[in-house]
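What follows is chain A paired twice: with chain B in the first complex and chain C in the second.
Take a look at the complex of A and B:
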């Protein structure tokens, strides 16, 4: 019975047709792509500020129609391959949330903060393609957005359970759904044929120690999520700073005190985006 | 060619175009018509579903089952009632003419069917870009009109060794990616006449006005070089090369794939034949190939120099 319910919910979640976003970035991007002199880099930088648009662009470029599923993990590469026509099409067909709740805005801000923290950590650790870590960081809570759209009544229940019992969002999801947003992420990434490194960052950000193929990706997003919460930039849906898996440091071959230098850089980068407002 | 016992339809079609514009060959039966179709294929076949001796759909199936005639566009003329009761699954006709219909509709339908057929006729089966005969036709037309244009030939270095190591399907991924990089780059130059074709394998062609082509080459090279490493396995990407066996069976190291572009300018009606352009391009290509990295070579105007990606 339990298993049936899970399969049914998985089906409901993956059936998502219309994934809405917040209007702020969407408006900006549509203005930018309407101008002929806009460059791919400008558009990529802006799309990288919106988890839903980024997910849509990656889903599109990795779809079998284009002929190279699971290969593209960077937004700028996706734009080079899709072109502005397709991007315009994606923007026009993207709707916005009718009700913009405080929680939703917080989640968008938290996602950007995690993206920034991910690329900062990746650079500090000397990992290649830091932009791809940024993408995984940006998308790490996408499962929460999809659950909100497809299972709205459960979302309300989760939020009240978080408040009532002072649980983490993940614990509340598990109590009510039987699985967390990390599992939803894994389903989405597989269903949308996202590259395996992005998938592992998304579905193992709470458990980097069990990541099989790209443990560095999972460890980076795990620490980035922690730092974003520590700085209280945006909100992941609860007030707890999550427990840090000591394995994350081992995987990245760094010591907890190395985070100090990372925090210094990150503080500066947060200032750069602090004027970005979703409300 | 028109294949129908319906005198009304025949009369209508013959009045749509003046004499000399379109010539119709008319048959009332399937028999003689099929032979004619096979010996002198027309540009278009309109076949009535209700022929006295054979079903229109059967005629269509006969034509479409032969690869040499497949590209012949077929319009099936049927009544509304037949359309409703038929299952169209697996039917090989290009469009339907619902009878009775108005002359303006029929004319539009024929135009669209012919245009569609010319688009898909020689398209590359992988990338669906226009193929060799469309490319030659386009270039020759522009030469005949004495238009100024730049013609670029692009191909990949070390594609064969990639294919040998990773297999054809991974190779096709790279070909699709390359096609997209070229198409999106060329399309980003709006308001100019442009064209992209796929000769076959790893050979592509694009046409742009002479003053935009260098910028296009730079962007294609930069995009290709930044994307292509992601089509290799982690280990090869980190090393920046692949180990594969060459034609003689010896183990060799090959660099990552690169794109080479040779550009021929046609200004002031300098070139008159497609052959001239491809000859110049072949010579330039050789020059570009001496460089193992992605690069482009521009012909004439004192720009005959190899440029690499500066990143």
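Take a look at the complex of A and C:
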């Protein structure tokens, strides 16, 4: 019985007709990227055909979240510097957050903060491609946005449960749905064919200790989410820090004390993005 | 008392600390009320910050999440789900120490720039 209910909820959440639509150009781009003989130039030209989308992508890649603020002038330049995975993640996030209502601005800001913290931690740990970590951070609460869009009455129920019982947003989701946004993230990532490392950052950001393929990705986003909530930059839906998994430090080969140097950098970077509005 | 950037100063605010020139010599005394003329003068002297009475400017938006005194005040609330967890208790105390140092060094910088130590 309970399983039936879960399946039904999953069906409602993933009802394709209502899912935020990804730009059709993304489909064509994915096909093009899959062909070994395609060039970056061809991919860039295809994305550039959608001018509104290109403008949004350029605005994001030039923000202080990524490593080249204010220095990327074209889509092909962005592709060369950041890679297709990062650009694809940015396209997905802008498309999904586009449907966001006014009362989700807090979640957008929380996502920006988590993206920023993710790349800061990844750099401090000497991990390769830190910008891929920031995209996973940007997308880590996508399940919350989609759940809200698909089941608007659910969001109201979750929010009142958070208030009444002082639950975390995740605990309230589990009580009402039987699963949390981390599970929704996994379905979405599969549905939208996101790269496996970004998928694992999204669906294991509450449980890095059970991440199988890319534990570093899950551990980075896990700690980044903690820091974003510790600084209360934006809002993840409740005012709690999550339990910090001790394994996250083991996976990244750092000590809790190392977070202090990371926070020194992050404190300044938070101020830089404080006016990065979603438009 | 609040340290504010000069561009947020408005006529009517009152200086709670004297304003020194670049070479350290005081040019405007504490207790002086700010006027348009004084603002222009301070600007021409390249004064960047002043300390005024009360708390006239809301710096929350400017400082985003980096107001360390606010962080300290929020710490127990944010960690309230883990009252008996030794590990989370240690994490919390580590950040209490970190934010305390940050808040203190921010205040020291604010006082040190405007006036030599005054026993405050």
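The rule we apply is simple: the second predicted complex is superposed on the first by the 188 of 279 C-alpha atoms of A that agree within 3 Å, B and C clash if a C-alpha of one lies under 4 Å from a C-alpha of the other, contacts with A are read in each partner's own complex, and residues count from 1 in each chain.
Quick note on the criterion: contacts are C-beta pairs under 8 Å (C-beta built on N, C-alpha and C of every residue); 3 or more make two chains touch, one makes a residue touch a chain.
The model shown is predicted, which means the values in this text are computed figures rather than measured ones.
Legend: residue contacts after superposition of the two complexes on their common chain; A:27 is shown touching neither chain B nor chain C. Taking chain A as the reference chain, the count of touched residues is higher for C when chain B and chain C are set side by side.
Judged by the touch definition given at the top, the superposed model places A:263 against chain C, while chain B stays out of reach. Of the two partner chains placed around the shared chain by superposition, neither chain B nor chain C is touched by A:41.
Contact with chain B, but none with chain C, is seen for A:80 once the two complexes are overlaid on the shared chain. Of the two partner chains, chain C is the only one that A:241 touches; chain B does not reach it. Within chain A, no residue touches chain B in one complex and chain C in the other.
Those residues of chain C lying in contact with chain A across their complex are 61, 63-66, 71, 74, 77-82, 85, 87-88, 90-91, 94-95, 98, 102. Note for the complex: chain B touches chain A at residues 126-127, 172-177, 180-181, 183-185, 187-188, 190, 223, 226-227, 230-231, 238. Contact residues of chain A toward chain B in the complex are 36, 66-68, 71-73, 76-77, 80-85, 128.
Chain contact summary for the complex, chain A toward chain C: residues 113, 168, 229-233, 239-241, 243-244, 246, 256-257, 259-260, 263, 267-268, 270-271, 274.
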